[in-house]
Amino acid sequence: MDNSVSLKRRKDIGKVLFQAFAILVGLLVLFPIIYCCFVSFMKPNQIQSIPPTIIPKEWTLENYFNVMETTPIGRFMINSLILAGVSSVIRLVTASFAAFAFSFYEFKGRNLLFMICLGTIMIPSDVVLVTNYQTISGLHLVNTYLGMMSVFCVNAMNIFMMRQNFLSFSRTLQEAAYVDGCSNIRFFFKILIPTSTPVLTTVFISSFISTWNTYLWPMLVTNQPLMRTVQVGVTMLNNEDGNVHGPIMAASMLVLIPTVAIFLIFRKKIVSGIMGGALKE
Amino acid sequence: MKPKGIRQFEPLLYLLPAFFFFIVFTYYPFFKTVFNSFFLTNFMGVRKEFVGLENYIRILQDPAFLASVKNTFIYVIVSVPVSVFIALILAIIANKKTLSSPVYETMYALPMAMSTSVCAMIFELMYNPSLGIINELLGTNVSWLTDNRFTIYAISFISVWMNIGYNFLFLLAAVRNVPADLIEAADMEGAGTVRLTTKIILPIISPTVFFLIINSLAKSMMMSGLVIILTDGGRNGSASTMISYMYSQSVNAQNYNNGYASAIIAFIITFVLMLFSFGFEKKYVHYN
Amino acid sequence: MKKIVSLVLAALMMLTLLVGCGGNSNSGSGSSGSNGGSSGDEGGVVTIEFWNSAEGAMATSTEYLVGLFNDTVGKDKGIHVNSVFQGGDVVEKLKTLVQANDYSNFPDVGQIYAAGLSTVLQMKNLVPLDTIYESGEYEITLPKEEIIENFLRSYTYEGQTVSLPLNASTMLMYYNKDAAKEAGLDPDAPPKTIAELAEWTDALTVRDGSTVTRYGLNIQMDRYELVNFLAGVSDTGCNYIGDNGGGRDAMMTKLTIGEDGSLMAFLDEWEKVIATGGYKAVNDDERGEFANGLSAINFQSSAQLASMMSNAEGKFELGVAPLPACSDKYGAGAAVGGGSLAMFDMGDAARRQAAWEFMQFMASADSQVYLFEHNGYLPVCKSAYETDAYKAFVESTPEAAVAVEQLNNSDPGMQEPMDLINWELNTLSKDSFIAWTNGEITKQECHDNIVDGFNAKLTEYIRANG
């Protein structure tokens, strides 16, 4: 009896220690962001001082007020939310269909098409910028959300990641579905997609964040202040003649809030539920 | 699935939406660039005369471009393995769910949320030789961003940090997908964490690891933003990459001739490297 | 959970469709060829687009002035200005529009830096400033003679003035007066030549054993710094740096600073600065280090006066002085930099009139004094210097008058050259000066790297663009 209690206590202490360790590692990983956060609360003349300091001597909201005065950051966030949210959903759709074709079918030219698909990530965006602007302005989509989203509708890395996941899908389960008379498209919607929530979630989160942070393209295709995205707002603060560190760090902390929220909302989905069980068979 | 009659076109149908966007917004403009690269173009990008391979020959003889190719490979070799390895360790730490899981999971993933320009600014502050926190903490006196010997590594460090979150996110999903009974069985046999990881977890998550290696490889080969913002290519181009060279030639020096040609050479080199990496897929990546 | 997620996504999509359609119908309802649907003539009010590169404090000032215009002059004359931030350089965006042959999305007025002049001249809907003044079509409240010649020349190419100066600045010497006092120097008699600058650098340098703990001088010799130091190194009063009047009479084909000996004359003097060992040639963070007493002399734009003063506050007394001349043989002076306003024809006379009204407002005495007080930009029109507001500000902040004094002493011909590929000159200059300071190359090599290196790049450029 005594033995088991102390064992349990020891286990509990182990758990607590482990969590403390995990959080300590987290603080280390997060150091640049923590530093950024502290800087956003510093007065300009403390940001660069000798010796360098991490924690503000005097906490101030000055930088945050500065951001609010210079940019309509709230409005920009709504724009970015729309841009990133919708284009990430579209990416999920285009990617899961393409990955389905690449992983469940054998057809002529499959490998070639897959390489062509991956080739798109090796083409720098600066090279395609002018022509894409030409396309969008030719379609009269300048100043529209559609024009902004158009180039974010597909991402080869998303297709690649989903292919990896689909290839690992249990073949037995797949065959069983076919024996049951499941059509391809039914299999895709009823079995494959629901069991792939973890990967869909990770792809969604990563895709959301990368679109959330884009700057050049959204600025190029919009000419109205009300259609601008958050990174344009951050750039507006970057005046080389002034002390800009504080305001820019403050803006980046504000911009970070929605992404953290997205992560916290979808985090639980990363946990395997159905897939783990399905694999046991 | 065996293709039968009309079924043959079914996979192509699924590829259609993705390839529609690829063709319109990536390959069409890219082929226009390839075409232009055989011409002399003025600073507005207007074609003047056909010059064949001259643009390619010129930059292949330009020491600045050759140095940028070499630097790009250093960035790749330094940052790809490190960013995947650190993320893997973090994923293994975070694998077991505890009360404070949400806290440290978010912490490990958060670096991916920072934009390049903001990261550049944070690290610029921290790297400052006399006023920055890094020299203060390490007790060193190094000009991280202006001393030729350190610049590439200082930049690589930032790019590793920025990639950790992304890699962690995918590895966590993969590690969590490893069937619990397999791990329990190994635990019963008394396998240590290291053995457990290499013998059981790694083969199962190999599709994700493979994906992340290819992904980091492509990202590092295309690296440019940090280099341009923080070093403008470094002293005598000592930190420049293929794409930062392309950017400074076409945008800063208004020279699309060098710019286009370097973008295409970068594409070819990266593509070959990618094909080479896929050669390992059959041998080391275990699906199922 | 799944329900919540799908609900959120559905809501997002709905929102996009709604707002997206809104944007669509907007641009559809605007007259074809007009801007983003919001510009044009609606209910007697002419709406025009103003694209700017104003960041930070300048963004706040720009928004203030645009708002003031809309509430005063604009209200009286039925004009509304839409101000749009377009990134650090409006010209880059305009260039993309031209390359895509999309003139319908142009603004009526754009903020243009001198470096973008050659690009702007390629735009077929540009209305050059001289055309505005000469056509007789426009109501002139700000005559051309009212604008200071130095600034007009910055935006003049082949004898034609292209745009209206808006925000002008000039390079200044900033120094730590307390450090000067401690070093036994007269803080109110700053160096007038490079040789004296070398003496100051030497006196202000503090060493701990063999390591320097405070540099006398910290300046990275970028193109901006180099052309400013060279501006007065000439027998004729001003140095054009390159041929064809520094690229203003026709395209520049080579640097002249090599063959006329002006670069070498400057390097001969600069050698004295390097010899002190108290000169730091790399910009790790020039302003931050200066503010923390790690260097004692700094060269920055006059537009940085406000931030330099606030950085020094409570730490030391800040001194501001004009640039030193190369030597006794040459006069002092500096080139002017900054931005201007260019007009683009959107096919409607009323919009052109409105655009001109707005441009004149921005360059008028009151607006210019406002920019001077808040952003350190020198007023571009002469009458601004006669206003009470200007006089009061200079009295309360005498440091601000130094830039004005320097401007008055500068030949209008002292300009940053139109060197087309200025990034190349920037890189060559910076790298060569650092290498020379470190003793990796000789003075002659530094000279040749800059002159020959840049001329080779220029030849390549001319082949593609000549």
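Letters A, B and C mark the chains in the order given here, with residues in each chain numbered from 1 onward.
One rule holds in what follows: a residue touches a chain if its C-beta (ideal position, glycine included) is under 8 Å from a C-beta of that chain, and two chains touch if they have at least 3 such contacts.
All values derive from a computational prediction rather than experimental measurement.
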Taking mean CA positions as centres, which chain lies farthest from subunit A? C
Selected pair, greater C-beta contact count between B-C and A-B: A-B
Could you work out how far the Cα centre of subunit B sits from that of subunit C, in whole Å? 36
Where subunit A and subunit B are represented by their mean Cα positions, the distance between them in whole Å: 16
Multi-chain touching residues of subunit B, meaning two or more other chains, are 45, 128, 130-131, 251
What are the residues of subunit C that contact at least two other chains? 99, 285, 288, 292, 294
Shared interface positions of subunit A, touching two or more other chains: 48-50, 130-131, 235, 238
Looking at the complex, which residues from subunit C come into contact with subunit A? 1, 4-5, 8-9, 12-13, 15-16, 19-20, 23-24, 26-28, 35-38, 49, 51, 55-60, 82-88, 93, 96-97, 99-102, 104-105, 107, 285, 288, 291-294, 301, 303-304, 306-307, 310-311, 313-315, 375-376
Help me check something: in the complex, which residues belonging to subunit B touch subunit C? 40-45, 48, 124, 128-131, 143, 145-146, 232-233, 235-236, 248, 251-255, 257
What residues of subunit B sit close enough to touch subunit A in their complex? 1-3, 8, 10-12, 14-15, 17-19, 21-22, 24-30, 32-33, 45, 90, 93-94, 96-100, 102-119, 121-123, 125-126, 128, 130-133, 136, 161, 164, 166, 169-170, 172-173, 176-177, 179-181, 207-208, 210-211, 214-215, 218, 221-222, 224, 243, 246-247, 250-251, 260, 263, 266-267, 270-271, 274-275, 278, 287-288
Within the complex, subunit B is touched by subunit C residues 92, 95, 98-99, 118-119, 122, 282-285, 288-289, 292, 294, 420-421, 423-424, 427, 431, 434-435, 457, 460-461, 463-465
Which residues of subunit A touch subunit B once you look at their complex with the stated criterion? 15, 18-19, 21-23, 25-27, 29-30, 32-33, 35-36, 39, 47-52, 54, 93-95, 97-98, 100-102, 104-107, 110, 113, 115-124, 126-128, 130-132, 135, 150-151, 153-154, 156-157, 159-161, 164-165, 167-168, 170-171, 184, 198-199, 201-202, 205-206, 209, 212-213, 215, 231, 234-235, 238, 245, 248-249, 252, 255-256, 259-260, 263-264, 267, 270-272, 275-276, 279-280
